[in-house]
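Here's the structure, in structure tokens; my notes come after.
Just so it is clear, A, B, C and D label the chains in written order, and each chain counts residues from 1 on its own.
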Amino acid sequence: MLKVAIVGASGYTGVELLRLLHCHPEVAITCVTSEQSAGKAISEVFPTLRSRYNLVLENLEPVRIADRADFIFTALPHKAAMEVVPTFLKLGKRVVDLSADYRLRDAKEYEAWYEPHMNPTLLEQSVYGLPELRREKIAGADLVANPGCYPTSVILGLAPLLKKKLIDPATIIADSKSGVSGAGRSAKVDNLYCEVNDGFKAYGVGGAHRHIPEIEQELSLLAGKQLKISFTPHLVPMDRGILSTIYATPTGAVSSAELLELYRAYYQGEAFVRILPEGSFPSTSHVRGSNFCDIGLAVDNRTGRVVVVSAIDNLIKGASGQAVQNMNIMNGFPENLGLEALALFP
Amino acid sequence: MLKVAIVGASGYTGVELLRLLHCHPEVAITCVTSEQSAGKAISEVFPTLRSRYNLVLENLEPVRIADRADFIFTALPHKAAMEVVPTFLKLGKRVVDLSADYRLRDAKEYEAWYEPHMNPTLLEQSVYGLPELRREKIAGADLVANPGCYPTSVILGLAPLLKKKLIDPATIIADSKSGVSGAGRSAKVDNLYCEVNDGFKAYGVGGAHRHIPEIEQELSLLAGKQLKISFTPHLVPMDRGILSTIYATPTGAVSSAELLELYRAYYQGEAFVRILPEGSFPSTSHVRGSNFCDIGLAVDNRTGRVVVVSAIDNLIKGASGQAVQNMNIMNGFPENLGLEALALFP
Amino acid sequence: MLKVAIVGASGYTGVELLRLLHCHPEVAITCVTSEQSAGKAISEVFPTLRSRYNLVLENLEPVRIADRADFIFTALPHKAAMEVVPTFLKLGKRVVDLSADYRLRDAKEYEAWYEPHMNPTLLEQSVYGLPELRREKIAGADLVANPGCYPTSVILGLAPLLKKKLIDPATIIADSKSGVSGAGRSAKVDNLYCEVNDGFKAYGVGGAHRHIPEIEQELSLLAGKQLKISFTPHLVPMDRGILSTIYATPTGAVSSAELLELYRAYYQGEAFVRILPEGSFPSTSHVRGSNFCDIGLAVDNRTGRVVVVSAIDNLIKGASGQAVQNMNIMNGFPENLGLEALALFP
Amino acid sequence: MLKVAIVGASGYTGVELLRLLHCHPEVAITCVTSEQSAGKAISEVFPTLRSRYNLVLENLEPVRIADRADFIFTALPHKAAMEVVPTFLKLGKRVVDLSADYRLRDAKEYEAWYEPHMNPTLLEQSVYGLPELRREKIAGADLVANPGCYPTSVILGLAPLLKKKLIDPATIIADSKSGVSGAGRSAKVDNLYCEVNDGFKAYGVGGAHRHIPEIEQELSLLAGKQLKISFTPHLVPMDRGILSTIYATPTGAVSSAELLELYRAYYQGEAFVRILPEGSFPSTSHVRGSNFCDIGLAVDNRTGRVVVVSAIDNLIKGASGQAVQNMNIMNGFPENLGLEALALFP
């Protein structure tokens, strides 16, 4: 049994890790931490865990934690992660970090979008943990930077087109929509039920969202050249789910059927990517509670653009499920272990 | 008092007309029709109307209706509208038609997207009823084609940019999101609560939605040249509201502040268009239950694109409220009469 | 024009007063206060008010406010209200207080459920402002204690049965369900969208909710004897609405039809109480956005109990709408002025 | 591997069985039927199943099905079930029936609430499948009548009190609230998103719901005497979940702490019943997606009543999860096999 600690267990990605790992046959959770709720039973903070988890939340003391765990998930806000991850690595632990702190290769980019990086050399060592793109590197990594939720949906949605150079990289527009859990569990008026329910809004309009550099980094690698995208996030009155509608202009004549065939070939053998039949498009409700990324697309013959639609559960394939998938790869477990749950529908 | 009939009163736009006109001081509703529910009290079909409306739903017999009403709202599905509107006009009645039947100037376009038109000559006579663009023609019209919900949000969102030729008309992408009431009140599995709740999806992907020709017609008129747009509608788990996120490439250097200034000047004096301050963006929850169209925008300096976001209540500014606004204009009433309600928030 | 101040305008009942009074022909809002947001434009705090209200939120300085207003709504938390209401009264202003501070006749009861009362003599002077029970006293009052949301639904639901002594007062159980806006606008984890959405829970189980003494006071007056009730509140994932399901044992043989007839007679002439036909029961969605209280009932012949179901919009008939109704009565305006809006459905 | 057929697989309980059994290590689904959708791939009807289920829906031909399956779930409407269950039994198959057809012991009761029973002798043979009350009989049964959703929540909530004769059986009132999936997947206006969202209503008021005889049968057995209850169901705008608030008058002095202790003892060792600590009460969101029944209670010292609150996921512990639990018992599998998923929260 792999002894696992979850650092930052009182947020939504933390409880989601606990939920997923409860049914994982190779894992034992030995430690959970929370600065806010240290001393409380985890089942008091999350009554969903009652009668299945008897753990008490602890303070974040890396050395003490490392004593009891061989594998660490850090589910902390950015900056808080880079304050402790190096210690875990020094102590010989392997880490999947769910924050943004080790996703960007370039410390200057990190500084431009966040703040100065505290351990920039680790950026070279960490692996951007999108299994469908980088499975082998993940297998050998000590530090995996778990991708952001929006980036997962956009990168998986565009990878085949960019890899095959079928679209003009200068034309990409990603219009993304997220459920509210993406905003976390902190008490803010903006995220109150009555502020969100029965409404829909855009935010970060005009290229302001911090997931942009991460998306551009990975898309540029796929395209083999530096690109920039227009990206607009939106807030949907639902708990979970991200759907990205992505527009681009093909470099040559293509049909929906051809592109779908290409996607099916590209993602051949992937357990968690499903390419939909022509004329079908994803819904977040068909992936809610699962680790799937569903992708559909259509070529708009009137305007010549291709429109790709991808959907994930932001807390699973967009966070904790992908983190478990990375853990499985890093430990030689079957990649789908503990991740086979189908979407909860309705 | 203007004697008003509502033809097709058992759908959501019908009951919304009744709701709005209950507080209109110049209107008396004399007749409501419904093929499905003829013989039933309107308050049985819509218990919200109890104790305020004692009308009984009637069959659609145009001549009998015309006897009792001087002004007609036709809130019927397309095709059903064009079967009766000519009769009302012949009988000297003025009509606001909420269907798609008289919105397109070109009968061939109507045929391409719908079916052969039954009275194409009326297309020349009808006025596309977007008051902010065509107030004077509406005032003198006998037949006003009330705009669609998506088109209202997109056209108002782009009018200043196109009119001033500030964007390349070939680059327009409108990514629109609608509440569920836009799908009407007919019993379909797809619109069941459990199919829609807590999920988000795209539909009509690839240029398939019937509102496209209507949007293109009006945008082309504004631009002074024929244009085509990419348009993708989405379904949001909420009752009401449309938010359109619209992307375009400016023809020259522009700033967010300049464009907002332009918008404020363009919509100067408009009772129902609100241009938001820089850095603020609309939410459908801020227009829910009102006749407002809220518009915000930002220039994305990284990609050079401008992003316009517009929000309306699809049943009010996107349907019945705009219909009442048109009725007010056609009858010389103050344009905001009966339409001053602020958004119901929360 | 009546010059009106709203003290505590940055909460949900405050903005609802502004929304309702925007369409009230006899009122001019001259002053709005908020300790948290003083100095901000009210339309910045509530974008729904944009272009219609230009007021800036002020600090709560009673004397300065009284200079500019003749009528005061205090929409403050309990305790905060009793700190300022006496000053407004001394300055000759008439007040509708939306807090709990002047609802209970008995200062000891107030102390038992809240804390020591600061001006207990005012409890005799204030009038419990349920217009359907106490219209004449309200008309002459300087201080009206606006009823709580749950109490409004329960008292209106039971008044006819108790007044006519048709039920055993010892058998009353009120199982009430409220939308989330009843919890106010303060930032608490419990009221976050993701904590509330798609779930349902009870709270204050076992007779712990502070609305109990208020309900019992009014029901006891109606019954002519002291009574106690079982009351359990619940939280529904919706913005607005309260529905109370009330059980009691009749003292003799009764039928649903007879009781409905009694209710119709009792509420004869009331503008805002609607008694539903036999076999029909209220839904909060049929009163959402309106000042109505809808009531239905059935006698359960199997168990001999009567079940009354009442529904209101908690922010309107349960708060701000009733406050405006009281203001209308106190000022000799038609009671329904500004309150004729029908429910926003869907 | 147990070969399993799901008869009536195109409804919500059918797809929920498929979802749960996908992760069950001892089961192979060999056959799924649907009269409406025969010939379609199950993954076309439920896109959540894509890439994991390749089954095609078949017509309901019992003999053909029995050839390929050893264990049958009938997830059909009442009446449709009793048309086929006898055939499966004759062919030597074991059946869990999710309809109401074999739940009542008394054919006259069935006739009074439904219609004449077609095979009343089977009523003696079938076992009412609430594992916590009747585990051993279930183990040996060929036909298990899977309990209704409301009954599961009410019976589990009251069993300890009635068994120990601590309450007066004549005083029971169960006020229950259900998510919309309980209404099934058929296309009805009443269940459209816009009719349900953001609203709350009672239905079947006055003792009209068909789950009443089932609840009374089981509670009477527990109490050792015939009893009747008041039961009012309500519709909550959420997908899943039932919460029952149950009132009763104790026969003697009791405290919350004593009763909770009793409940913990009564349900000692039960995998799926969780008794909450004093002062905590269940929420449907804490059981959503799980097979748990959470129970909390309080004695209201003011009125002397006890209030029990129980919560389940209506599609899992209230239907398909309990059906799998029964299947596990009938086949000697560990009772929690395939049922260990924790609630999906948020």
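Throughout what follows, a residue touches a chain if its C-beta (ideal position, glycine included) is under 8 Å from a C-beta of that chain, and two chains touch if they have at least 3 such contacts.
All values reported here derive from a predicted model rather than from experimental measurement.
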Maximum centroid distance from chain D, chain identifier (CA atoms): B
Of B-D and B-C, pair with higher C-beta contact tally: B-C
Chain A and chain B: spacing of chain centres that average the CA atoms, whole Å: 38
Separation of chain B from chain D, taking each centre as the mean of its C-alpha atoms, in whole Å: 45
Distance from chain C to chain B - Cα centre to Cα centre, in angstrom: 36
Where chain A touches two or more other chains at once, by residue number: 12, 180-181, 194-195, 197-198, 237-240, 283, 286, 288, 346
Chain B-facing residues of chain A, complex: 173, 175, 177, 179, 194-195, 197-203, 205-207, 212, 228-230, 232, 234, 236-241, 243, 245, 247, 256, 281-286, 288, 296-303, 305, 307, 309, 311, 346
Contacting residues of chain A [partner chain C, same complex]: 12, 180-181, 185-189, 191-198, 237-239
Contact set on chain D toward chain A in their complex: 12, 15, 18-19, 22-23, 46-52, 180-181, 197-198, 239-240, 274, 276, 280, 283, 286-290, 292, 294, 340-346
